[in-house]
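What follows is subunit A paired twice: with subunit B in the first complex and subunit C in the second.
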Partner chain A sequence: MGQIMKNITRVSIWRWTIIAFVGAYLLIPVFAMLEFSTRGAPGERSTEAWLAIPTFPKLLSSISTSLQLAFIVIFLVVFVLVPTMIWVHLRLPNLRRYMELVCLLPLTIPAIVIVVGIAPTYRALYQVFGSSPLTLSFVYFVLILPYSYRSISASLLSIDSHTLSEASRSLGASTIRMISGVIVPNIKVGIMSGAVISIALVLGEFTISNLLNFETMQVVINLLGKRDAATSVAVSLAALVFAFILLAILPTANKTRSSKLKTKRKVEAATK
Partner chain B sequence: MSQDIEVKLIGLSKTFGEVRALNNFSLEMKKGEMVALLGPSGCGKTTALRALAGLQALDSGKIFIHDEDITDLPTSKRNMGMVFQSYSLFPHMSALENVEYGLKMRFRKVSSTDREKRSKELLDLVDLASHMDHYPHQLSGGQQQRIALARALAISPNVLLLDEPLSALDARVRSQLRDEIRRIQLEVGITTLFVTHDQEEALGVADRVGVMKKGVLEQIAAPAELYDRPATSFVAEFVGLTNPIEGEVRNGRIGILGQDIEVLPGSVTLGKAIALIRPESISLSKDSLPTAQVVSVSFLGSMLRVVLKLDGGSLITSQLPSSENLNYQVGEKVSVRIVPAPVFAKAL
Partner chain C sequence: MELSNSFHLFVELILESSLKGKEVVGLKKIGTNNLFRSSLPYLGILPFGLLVLFFLIWPTLVVISGALQNLDGGFGLGSLVEVATNDKYLNGFKVSIQLAAYSAIAGAILGALFSWAIARGNSEGYFRRLVLAASGVFAQFGGVMLTFAFLATFGFNGMLTILANSFFGENIFTDASWLYSLMGLVVVYTFFQIPLMLIVFLPAIENLKPEWKEASESLGGSTANYWFRVGGPILAPSFLGALLLLFANAFSAYATAAALISQGAPIVPLQIGFAISGEVSRTNPGISKALAVGMILIVVLVMFGYFKLQSKVSKWVKS
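Here is the complex of A and B:
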């Protein structure tokens, strides 16, 4: 008995040591950023850097651009990548290997090579879409493919999508309703993980936008860092917190629906 | 076409690479009838069911429901209720929402109140109304299949298709659910196609059983007829157990173990052949001249299985009521007699 308790205590100590180490590794830089961005006169705290964020005209517009880019990329993930992946998974399983290969390819190509490769394409794009920084969404969509593909693919493989789709079709659902009403809700976690990773990547991307001369959040933060380091760190920290919030929202999505159903039944029982 | 015929499959053929899954397969089903398709893995029974559901494209053949050609109709427009082998409930929906799903898809003008009422009736039918708010992961395998049955029936389908719905369940639940499926099928009066590789399941619930081999329907008949009067040696050997005993066929009868037994149509008509004798058609006695020796006796509850060595050296199995448990001992000499019912005789 005493030996078992000793073993449990030993495992527990190891567990907490690892958690403390990883926690410190992740949180110390965040606290350092907070400390640096709120540093005032010696021995005092100041919100000056945070309050200065809206005063840099390019900063707000660049944040807006980056957020718009993130939403366009998510839109492309949800309405282009997800249906394509489901279609290939259900109807063209032989193409799955090739699709995986194509989707993982951006991971192996350095950003600088991608920029050199797509620069001529962007010159053509300017003629069609103008020089809006939102055109970056095309290249960002390619960049996030490996991450989104992996998380969505893992979700698709974790469910019996063939049987579910056949059950749905036999009950009268069209292909669109089958995808939107049966498959997508069951791979929601994968899609949301993919979307969150995509947002994080788009908000954090610097190389391509800088080389193509677009003023996205990271490009402006970089410029800002050269002039006002504290505000630059404050903006970076805000972006990080935004990504944390998204990750925190993710697991609550399923619980909300389940609790809604329970509430509905309680209301029905009360009114009977 | 006869008014009585609800479903007609004519000359269905389907090839997967080198394998002919369906080879000019035809089947008719009467209204309210339950037909079971029985056969070994890869015989084409599931392909036939999936073709009827519209989930499997055909190389050739026609499918009619109520005289209407539905061969090219998509699955979503065929109005077939289907229960799958694997658990197919939508995991993100409660039991009630699963049952409502088909009604939502097919009858968009039906109010949500009517939809819920109908779904609750169906859940009541499968005795799971108290589980309507449970999600699939909160239900046992048997409960999930019952909800799947309610979901399939909710849309008032033309035909109910059951694709080995019991194969993932344990023996006790399987037997209970099998009886429940039959009760509900008779109560609703729905034409049903039941695919299975389990002969006990097929013989136990279906009005008619079709035995398939390599994409061909070897025989379709009522369970008793299929068992007692098999049309081919494959049917005789696949459905139930048989003892192969060599004999000689002459004038429609085969001489085996000193007896002259009538042979069934389709059997060998002349010369040496192998008679396929059911274990329960072999009776034993100690009164007359011994012709075999008891090799082993197994007590199986309701029956007794006795393995015998014939004088010629071959082994046969007899199935007796378990009340005869103490009558025969291992090593004892006994006389073997065959019940004089027609048997199938296949070529040597």
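Here is the complex of A and C:
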């Protein structure tokens, strides 16, 4: 008995030492941002840098641009990626492997490489959409594919989509209704966690927007850093906290297991 | 008429296959005699296909074909040869690989220990949820913000710089230039490698069954025995796979280095950035593309290893 107790305390000492060390590595820089952005006169704290955020109109418009981009990317995920994935999953199973390959491809093609080759695409895009920074949403959609594909695919595989689609078909539902009314509600968790990762990625993206000269939040924060370091640190911290809150309150992949159980129970209840 | 007809066929197919106990593959079989009808389902993937074609496939092909240019713009291997022989670019690849390798190793080891520490805790608890959310954010938020965070910590006026100087007297940390060296970049990159490691490695650690540990103990094995003989070998493919993913992640990163380093271009992504935004592209458009092809080759090689190891892992988990 004493031996087991000793083992348990030893394990928990190790555990908390590791958590404290890695936690310090990750949290000290974040805390330093807070400290740096609230510096006032020597020995005093000040909110000056934070209050200065609204006084930079360019900063505000870039934040709005980045939020709009995030919104459009989520729109594309929900109305292009999700239906395509369901369609391929149910009707074109022979394409499943290729779909996965394509979706994971951006992992092997760095963003900086895409920038190098995207000039002709943007020349064509310019003819249709003009030079709006919102055209970045198409590239961002490609960048987030590996992450959104994985979370949606995990949800899709965890439900019995074939039975669901056959059931809704036999009750006379159209394809659109089958996808939007039956399948999508069942893979909501995967879609949501895919969407949240997309928000984090879009709000943090710098490489492509900087090299294509579009003024997204990160590009403007970077420029501002040279003039008003404290305010740009304050905005960075705010964006970090914003993404953190989104990720913390929205359901994570952890929950897919319980939702799988729930679906199973639902199916069992329905078949009884 | 057509529709109800095919519906009947569909129902028949279901009945038939359910009698045989086989899964229905789909509607495909019904219209095989009619090429148009059988290709109809493929229209459903058109919007997605177009997006991927224009924003992923086409740019990649542009890069590859653009790399096959001589320095004067004509077709040939000139740019690739220039990149493969010029010391400036070779050194860029060397430093990039070192940076990616060191930060991947540091991130993988610290991240694996961290995953173990988190896995030992309550799997439904708030602490884990917070850690996972924070990891999701930290793993994605490289770049400008990360640079600011480290400058606010170790920079000339950084929090720890001031603290250290007031503790140990002047001039201990006044010089923040170490941040811009290779080791400084490794320290900064490791910041986003640890959370990524947690995200990819935690599931592997959680798949370790407690029964295995009990079995090892009941046979008289110590904790060290368990980790060297049982846990370690089981986790090895996952760990190596994650290590490769971290390598590719750091090797591809541009934003952090671009925001941190304002002079010179010690790593390949920065060299590419300079090549497309600077004069080089006008005088020699092939260089950025040749460098990009070099990057693709290395990342594809690394990710190929990753996917191989992944399939090994999934075999293990299923059996």
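By definition in this document, the second predicted complex is superposed on the first by the 247 of 272 C-alpha atoms of A that agree within 3 Å, B and C clash if a C-alpha of one lies under 4 Å from a C-alpha of the other, contacts with A are read in each partner's own complex, and residues count from 1 in each chain.
Everything that follows uses one rule, which is that a residue touches a chain if its C-beta (ideal position, glycine included) is under 8 Å from a C-beta of that chain, and two chains touch if they have at least 3 such contacts.
Keep in mind that what you see is a predicted model, and the values were worked out from it rather than measured.
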Mind working out whether A:Val182 is in touch with subunit B, subunit C, both or neither, as first, second, both or neither? first
Figure out whether A:Leu156 sits in contact with subunit B (first) or subunit C (second), or with both, or with neither. neither
Regarding the shared-chain residue A:Ile191, is it in contact with subunit B (first), subunit C (second), both, or neither? neither
Of the two partner chains, subunit B (first) and subunit C (second), which one does A:Ala32 touch, if any: first, second, both, or neither? second
Looking at A:Ser174 after the superposition, I want to know if it touches subunit B, subunit C, both of them or none. Which is it: first, second, both, neither? first
Once the structures are superposed on A, label A:Glu166 by its partner contacts, choosing first (subunit B), second (subunit C), both or neither. both
Quick one: subunit B or subunit C, who's touching more of subunit A? C
Common interface positions of subunit A, toward subunit B and toward subunit C: 166, 169-170
Touching residues (chain side subunit C, partner subunit A) in the complex: 10-11, 14, 23-28, 41-42, 44-45, 47-48, 51-52, 54-56, 58-63, 66, 110-111, 113-114, 116-118, 120-121, 123, 129-130, 132-134, 136-138, 140-146, 148-153, 157-160, 190-191, 194-195, 223, 248, 251-252, 254-255, 258-259, 269, 272-273, 276-277, 288-289, 292, 295-296, 299-300, 303
Complex contact set, residues of subunit A against subunit C: 7, 11-12, 14-16, 18-19, 21-22, 25-26, 28-33, 35-37, 76, 80-81, 83-84, 87-88, 90-93, 95, 99, 102, 105-121, 124, 138-139, 141-142, 145, 162, 166, 169-170, 196-197, 200-201, 204-207, 210-211, 218, 221-222, 225, 229, 232-233, 236, 239-240, 243-244, 247-248, 252, 254
So in the complex, which bits of subunit A are touching subunit B? 159-160, 163-164, 166-174, 177, 181-182, 185-186, 188, 257-258, 261-262, 265
Within the complex, subunit A is touched by subunit B residues 53-55, 74-82, 84, 86-88, 90-92, 94, 101-102, 105-106, 133, 135, 148, 151-152, 155, 161
